[in-house]
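Chains: A, B, C and D, in written order; residue numbering restarts at 1 for each.
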Amino acid sequence: MDFLTIIQILDSTIRLATPLLLACLAGLYSERAGIFDIGLEGKMLFAAFFSAAIAYSTGSVWLGLLAGIASSLVLSVVHGLASITFRGNQLISGVAINFLAAGMTVLVAQDWFKQGGRTPSLPDEARFGPITFPFADALENVPILGPIYSELLSGHSLLVYVAFACVPLTWWVLFRTRFGLRLRAVGENPAAVDTAGVSVVGLRYAAVMICGVLCGIAGAYLATALQAGFVKDMTAGRGFIALAALIFAKWRPWYALSATLLFGFLQAIALRYQNIELGNFVIPVQFMDILPYILTVVILAGFVGRAIPPRAGGEPYVKER
Amino acid sequence: MTAPAIELKGISKAFGPVQANKDISISVQPGTIHGIIGENGAGKSTLMSILYGFYKADAGEIFIKGQKTLIPDSQAAISAGIGMVFQHFKLVENFTVLENIILGAEDGRLLRPSLAKARKELKHLAEEYELNVDPDALIENLSVGHQQRVEILKALYRQADILILDEPTGVLTPAEADQLFRILDRLREEGKTIILITHKLREIMEITDTVSVMRRGQMTATVKTSDTSPQELAELMVGRKVLLRVDKKPATPGEVVLEVENLRVIDDKGVERVKGIDLTVRAGEIVGIAGVAGNGQSELLEVLGGFAEGTGTIRMNGTEIPLSGLGADGQARREAGICHVPEDRQREGLIMDYTAWENTVFGYHRNPEYQSGILMDNAAIQTEAEAKMERFDVRPPDPKLAAKNFSGGNQQKIVLAREIERNPDLLLVGQPTRGVDIGAIEFIHQQIVNLRDQGKAILLVSVELDEILSLSDRIAVMFDGHIMGERSPDQTDEKELGLMMAGITQEPEGDLAKVVDQQFALQEQEREGEANG
Amino acid sequence: MDKMPQWADVVLIPLISLILAAILSALVILAIGENPIDAFNLMVQGALMRSAGWGYTLYYATNFMFTGLAVAVAFHARMFNIGGEGQAMLGGLGVALACLYIPWPHWSLAIIGATVGAALFGAAWAYIPAILQARRGSHIVITTIMFNFIAAGVLNYLLVNMLRPVGAMDPATAKFPEATHLPTFRDMFSTADNIMFRGAPANVTFFIAIAACVLVWYLIWRTRLGYEIRAFGHSESAAKYAGISPVRITVIAMLISGALAGLMSINTTMGESERLILNSTEGAGFIGIAVALMGRSHPFGVFLAAILFGFLYQGGAELALWTNIPRELIVVIQALVILFTGALDNMVRMPLEKLFLALRRRDA
Amino acid sequence: EPALIFDLGGKFDKSFNEAAYNGAARWAGEHGTSFREIELQSEAQREQALRRFAEAGNNPIVMTGFAFGNVLSEVAPDYPDTKFAIIDMVVDAPNVRSVVFNEHEGSYLVGMMAAMASKTGTVGFIGGMDIPLIRKFACGYVQGVKAVNPDATVIQNMTGTTPAAWNDPVKGSELTKAQISQGADVVYAAAGGTGVGVLQTAADEGILSIGVDSNQNYLHSGKVLTSMMKRVDNAVYEAMKEGDNLDMGIYVMGVANGGIDYALDQHNEALVTGPMKREVDKAKEAISSGALSVHDYMSDNTCPVE
C-alpha cells in the first residue's frame, strides 16, 4: 500500500465518517440528557429530503440546509412531546419516527416532484461544493505533507469541517459550561436537577432540539454535499451505525470522533479492497462487505469494556406515580 | 412575637387515589428546631416536599416569615431561603462534590469561575461548620455520611435559612449523628430554622424545641418537646402502647453453626475489603457486628450469602461450603440452611415490580413445594403469602399489590417474613430496621429474638449501635476489614464500641466524635489511594 | 388501588389512540389528494371482508408474532434484541437445510424438522451477542445490529455461490420437495364447492405462532425460568442475591429470543416461497420491535399488535392495487399507529385518569 | 385493461422498472387508455397481485423481474384465459410470454466504448449486489473491454448484501471515488438507485460514466459516456399493444432485434467519437449476425475473462 493510497483511504474515511459523526454527536446530546433516541436515522432521512427539496426549488443550498434542520426539528418536537411531555416510551417513539420519515419523505417527494420518491438532481449552486484551502494546489507536490494538506485536509465540503469542529465544541459545551453541567446532570439524576431549581423539561427539550439540529445537518450533508439530491432510504442504516458508535464511544465527544472515524475507516477499507486474492483463493466480496461489522464486534468484545449509559437514560422523569 | 418562619395552612395532597396529606396546618418559629415524627407512609416527606416546591399541593397556603408565598417549584423555594436534604439524596453520583454544589446555583454561563468561587466558599463553610468533604471527590466514592454533608453544604451554599432534613440520621453512625446535631445546634444559634424528620425518639428529645406527630396523612398533635416523653410520642404516633426496649431472655448458646476462618474479600475495584476474619456463631445466639459503614460488613454478608466471592474457609454445621466458583451462589447457601435479609431491601431483597406474593418466594422459587410439574404452583404460593403477610402484619395485607407500593417498613416485613419463616439454621440480617418506624422496629426485633429462642443462629449487621446493643448476645466490632474485638453487651457501652469502630481500643483524649471523624477521613484517603494505586 | 378501571386501560385507551392515528392518517391521505373514507373502505374490504384477505393478514401477522415474541422475551430480561432480522435470516437457512437435505415422508414430520432447524439456527445467531454481553459486557444493541449485517452477507454468499441451483437466475435455493409443502388455509378450510383463502399464503404456521404465544405466556408467567428472567430484567442486583446467574439468564433469554425469531422463517420460507430467497425477512425483524413495544411485551398484546400490523400490510397492498396511492402511505399509517398507541398513549391516559378520579370522588 | 406489476425495487428506480413504466405510459398515451399498476411491498404480494388482477379481468398482465418466475408458473394455469408477460425470466406455460434480454451483449458494447474512451487503461464496474444477474452484466462488460484492450484492468465492485445496496448512492459515490483513485476513468453502474450516486460522482470528479437499463445520458449531459439500454419499455409496450392477441412463447431481446442497445443522443454525441462509433457498430453487427458471440455468465456460471 503506497502513501497516496493511504491518503485516499483516509480521505474516504473522512467523507464516510462525517454523517456518522454528526448523528453520533446528535445522539450524544440527547442521550446525555437522558432521552434515548433510536430515531436518528429518521431525522437524518427527513432532513436529507427537505434540504434537497428546498435547495432544488429555491436554488439556494443555504435555504436547503435551513429546511433540513427545520424538518429534523419537527421530528425532534414529536420525540420530545412523546418522551418528555407525555413520558412515553422513548424507544417506541424512535421507532415511530423512523417509520414516519421513511414513509413521509417518499410520499411528499412523489407529491411534489412526481419522480418516484426522489428529488431532481441538484444543480451545482444548490449544493455544498468543496472548499479548497489556500495554496492547496501549490503545495500538492511537497512530499508527505503536501498530499496530506491538499488531498486529505483540503477539498471537503463546509459541512465536513462543521462536523469536525462540533467535536471540541461539544466537549467544551458539555464540560465547561453551565448548560453542559446541567445537561449531564439531567441525564444522570433528573431529581437532582429538579430540586436544584432547574427545569428538567426545559433542559431535556433543549438537548433534543440540539440533537435535531445536528441530525438536520447530517441529512443535508448526505443530500446536498455528498450527493446531489434525495433518493428514498438514502441514509441506508447510518443512523443505527451512529447509535452503535455512540455506545462504543461511551457517550463522550472525543471518543465519538474516534469511533465514527473507525467505522468510516473500516468501511473505506472494505470498499477499497473488495477483491483480495490469497494465492488461489479469492476472498468473497461478501466477506469484505461484512468485515467492518465483524471487526466492530471483535473490537467491542476484546478492547472496550462495559459501556455504562447515562443512569437516567430511557426513563421518563416521573415525580408522582 | 415575631411572625413564624414557616406557616402551612390547610395543605392537602393526593397521589392518584392515595391521600398523602389531608388539610395540614403547622407553624414553626424562627430559630427553632421543629421535629416531625410519624409512621412510614404518614406523609412526612410529602409535606416537606410540598414546602420545597418538589410537589404541588392540591390545596392550602404557605407563609414564609409572615408573607404568603407561592412555591410552584424548587427554584421558588430556594429563593425563599428554603433548603432541603431529602430522605433519598438528590445528588448526581458521578459528579464531584463541587459540581453538585454549584448545580443550579452557578454564576454565569461558564463553569470555571463558578467552580473557583464555590471552592473558596466551601472551604469557608467547612471551617465554620466542621463540614469537611473533599471538593473533588466523586459522590459515588463518598460514604453516606459525607454525601449528607454535601447535601447540607448545598443548602448552606444557597444561603438557606430554613433547613429541612428528612430522616438524616437513618444512615449515620452515632458519632456522625452526634456531629450532625452539633451542626444543627450551631445553625439554630445563628437564627436559622430547622425542620427535622426522624423515626428516632431519642433524637427528638435531644435536640428539638417542638414536635409534631403525623398519622395517616393528618397532623395529630404538636407539642413542646419539654412537655412530652418518648412513650407519649410513640403512642401518639402508632396509636397504641409501644415497647421501646426489646424484651428478651438471656441466650442459651448451643453448637457452633457457622465458622469463618481467615476470610478475605476483594471487591470488583480490586480493593481488599475484608482482611482475614475469624468468627463463629452458635445456635441460639445473636452475634452483632458493629462498625462504621464501609468497613467490610457489607462484603462479609455478601460472601456469606453467596453473591460475592472470597477466600478462606467457611463451615456450616461442620461442612465446608465453597466461597467461589460452583456452589457459591445464593441458591446453594439457602440449601445449606443460610437465609439472608439483605442490607438493601429495594436493590437486593425485593423485586420492586413483583407482587408481594411473588416476592415471598424470591430466592426460594425453585423449592419443590412451589412447583407443580414444569410450572410454578402460583396458587399455593399465593395462599402461603397471604398467611405470611397476616402473621407479619404487613399492611395492606394484599398479596397482589406490587412491592413498590408498600412503605419501607412493610417492604422490610415482607423480606423478613420470607426469610424467617424458612426457619433457617443461620439467619444473616443486614440493617433490619433502616428507615423503619418505631412500631415496625418493635415487631421486627421481636421476630429476630423469637428465632433465636427457637435455637437458631443469627448474624446481625447494623450501623445502629442501639440496635446492636439491645439485640446482640455477643458483639464484634469491624474496622477496616478486621474484627477489632468482641464484647458482651453487658460489659460494654456505646462509648467503647464507638471507639473500637474508629479503630481505637484505648480511651483517647478529647472529643470522641471528632476522633471518629478524623479516623474516617484518614481511612477514606487510604482507600482512595488503594483504589487509585 | 388503581387510578382507572382495568377495561379503560386495556380497551378504551388503545381505541382512542387508534382513532387519533386514523384521523391523522386521513389528513395525510387528504393532503395527497385522495379520499380517506374510500381508502379506509378499500383496506377493510381487502383485508377483512374476504377470506383471501384474511389469509394475507394472518400470514403477515404470523411473521410479526414470532419476531414480536422474540423481542418481548428479550425485553423481559432487559435486553434490546435488534437482531431479529438476522436471526430470522439464519432461521431460514436452518429451514432450507432441513427441507432440502433430509428426505421427509410427510409435511407433518418435515415441519418438526424445520422447526428444529429454524430454532437452532436462529438461537445460534443470537448466542454470540448473548455470550459477549454476558461475559464481556459488549452492548447487545450494537452486536445484534452488526449481526444483522453479517447475516445478510453470509446468506448472500451461500445463496449465490453454494445453494443456488446451476443456471438459476434467482439467488435462492431450489424449490423444496413436494413432501415438505405445508397445508395452506385453502387446503384446510375449503370445501368442494366453496373455495376459501384462495391464493393466500397463510398456512399451518399460523397455529404454531399461536402456540408460541401461549407457550411464551406460560414460560414468562408460569415457569421458574420465566420468574427468573423477569426478576433479572427488573433488578440484576436482586437476581444475584437470589442466586440467579446473570450469565445464564442472559444467554438463555437470548437463545429463546433468537429461536423465536428464527421460527418466523418457517412461515415465509417453508409456508410461502417454498424455497429460501435472499430477502425473505423483509424487515419483519424490525416490525417485531414495534409489535413487542405496542403489545407491552405481553404475548396477548403481541398477538393483537401483530394482527393489526398484518391488517395494515394487507390493507395497504389492496390500496396499492386499486388506487394510485403510493405504497409508502402504509408506512406512514404504521408510524402513526405506533406513535399514538405506543409512545403518546399517556396523552390519552392522563386526561382519562383525571376523569375517572373525578368520577370516583363524586361517587364517594 | 392491461396491468403492470413492478418488482420490489419500485416503479421509479431510474432504470429497469421505470423503463417498464415508460413503455406502458407510452402505450396508454398513444391509445388514450389506461392501465393498472402496483408496486410490490413484499414477496408474498407477488401471487396476490397476479391473482387479484387476473380475477378482476385485467388482460394482459405484465410483470417485471425474474423473481416472479416461480409464482407465475403456479398461478398461470389457474387463469387459462388470462395472458401474462414476464420480463427477465422464462416461464413455461401456454398463456405466458417470456421476454428475456441479452444484457451481456449490451454490456459488451458499452465495455468496448469504455475501453476506447479510457486514457488510463483502467475502467470500473459497480454492481448493486453479488447476484447472478449482475455478474452477467459484469461479465459481458469485461469481455467488451478486453476485446478492445486486452491489457486493460477492470475494477469490479459490489455495493452490498442487504436490500439497501440498491438504494445507497453515498456508497456508490465512495466506490466510484475508490475506483478513480485506482486509476479508473470510466465507470459502469448496474446498481439501481445506487447508480445515481455513481453517475453523480463521476460527473463531479470529471470522469465518464455509463448508465444502465434506461437511457441515463441526460442525467449529466456531456458526462455520461453512454447507457446500456435494455428496452424493457419496448417489451412492455409491445405486450400491451398486442393485448388479447399476445403471442406466447419465449422472446429473446438482444442486439439483433433492437431489444438491447447503447444510447446515443444529444447529451453524449460529443463524447462518442467517430472511430468509437464505427467500432461499436461493427461489433453490433457481428453480434446480430451471430459472427460474434458474447459469453453469457448465466449459461455456465463462469466468466472466461476477469
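The rule is short, and it goes like this: a residue touches a chain if its C-beta (ideal position, glycine included) is under 8 Å from a C-beta of that chain, and two chains touch if they have at least 3 such contacts.
Since we're looking at a predicted model, the values are computed, not measured.
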{"item": "A-C compared against B-C, more contacting pairs", "value": "A-C"}
{"item": "Per Cα centroids, the chain farthest from chain C", "value": "B"}
{"item": "Distance from the mean Cα position of chain C to that of chain A, given in whole angstrom", "value": "29"}
{"item": "Centre-of-Cα separation between chain C and chain B, whole angstrom", "value": "46"}
{"item": "Geometric centre distance via CA averages, chain D-chain A, whole Å", "value": "34"}
{"item": "Where chain B and chain D are represented by their mean Cα positions, the distance between them in whole Å", "value": "75"}
{"item": "Residues of chain C engaged with two or more neighbouring chains", "value": "149, 152-153, 156-157, 160, 326, 330"}
{"item": "Residue numbers of chain A (touch at least two other chains)", "value": "117, 284, 286, 289-290"}
{"item": "Sites on chain B at which at least two other chains make contact", "value": "16"}
{"item": "Every chain pair meeting the contact rule", "value": "A-B, A-C, A-D, B-C, C-D"}
{"item": "Partner chain D, residues of chain C touching it in the complex", "value": "52, 56, 59-60, 149, 152-153, 155-157, 160, 164, 166-171, 175, 198-201, 268, 272-273, 275, 277-280, 282, 313, 316-317, 320-321, 326-327, 330"}
{"item": "For the chain A and chain D complex, residues of the former touching the latter", "value": "4-5, 8, 11-12, 15-16, 19, 115-118, 121, 222, 226-229, 231-234, 236-237, 267-268, 271-272, 274-275, 284-286, 289-290"}
{"item": "Touching residues on chain C, where the partner in the complex is chain B", "value": "1-3, 218, 222-224, 227-228, 230-231, 234-235, 237-238, 240-245, 353, 357, 360"}
{"item": "Chain A residues touching chain C - in the complex, by the definition given at the top", "value": "78, 81-83, 86-93, 95-100, 102-104, 106-107, 110-111, 117, 240-241, 243-244, 247-248, 284, 286-287, 289-290, 293-294, 296-297, 300-302, 304-307"}
{"item": "Residue ranges of chain D touching chain A (in the complex, touch as defined)", "value": "10-14, 18, 130, 156-158, 160-162, 164, 167-171, 173-175, 177-178, 181-182, 193, 196-197, 200, 204, 219-220"}
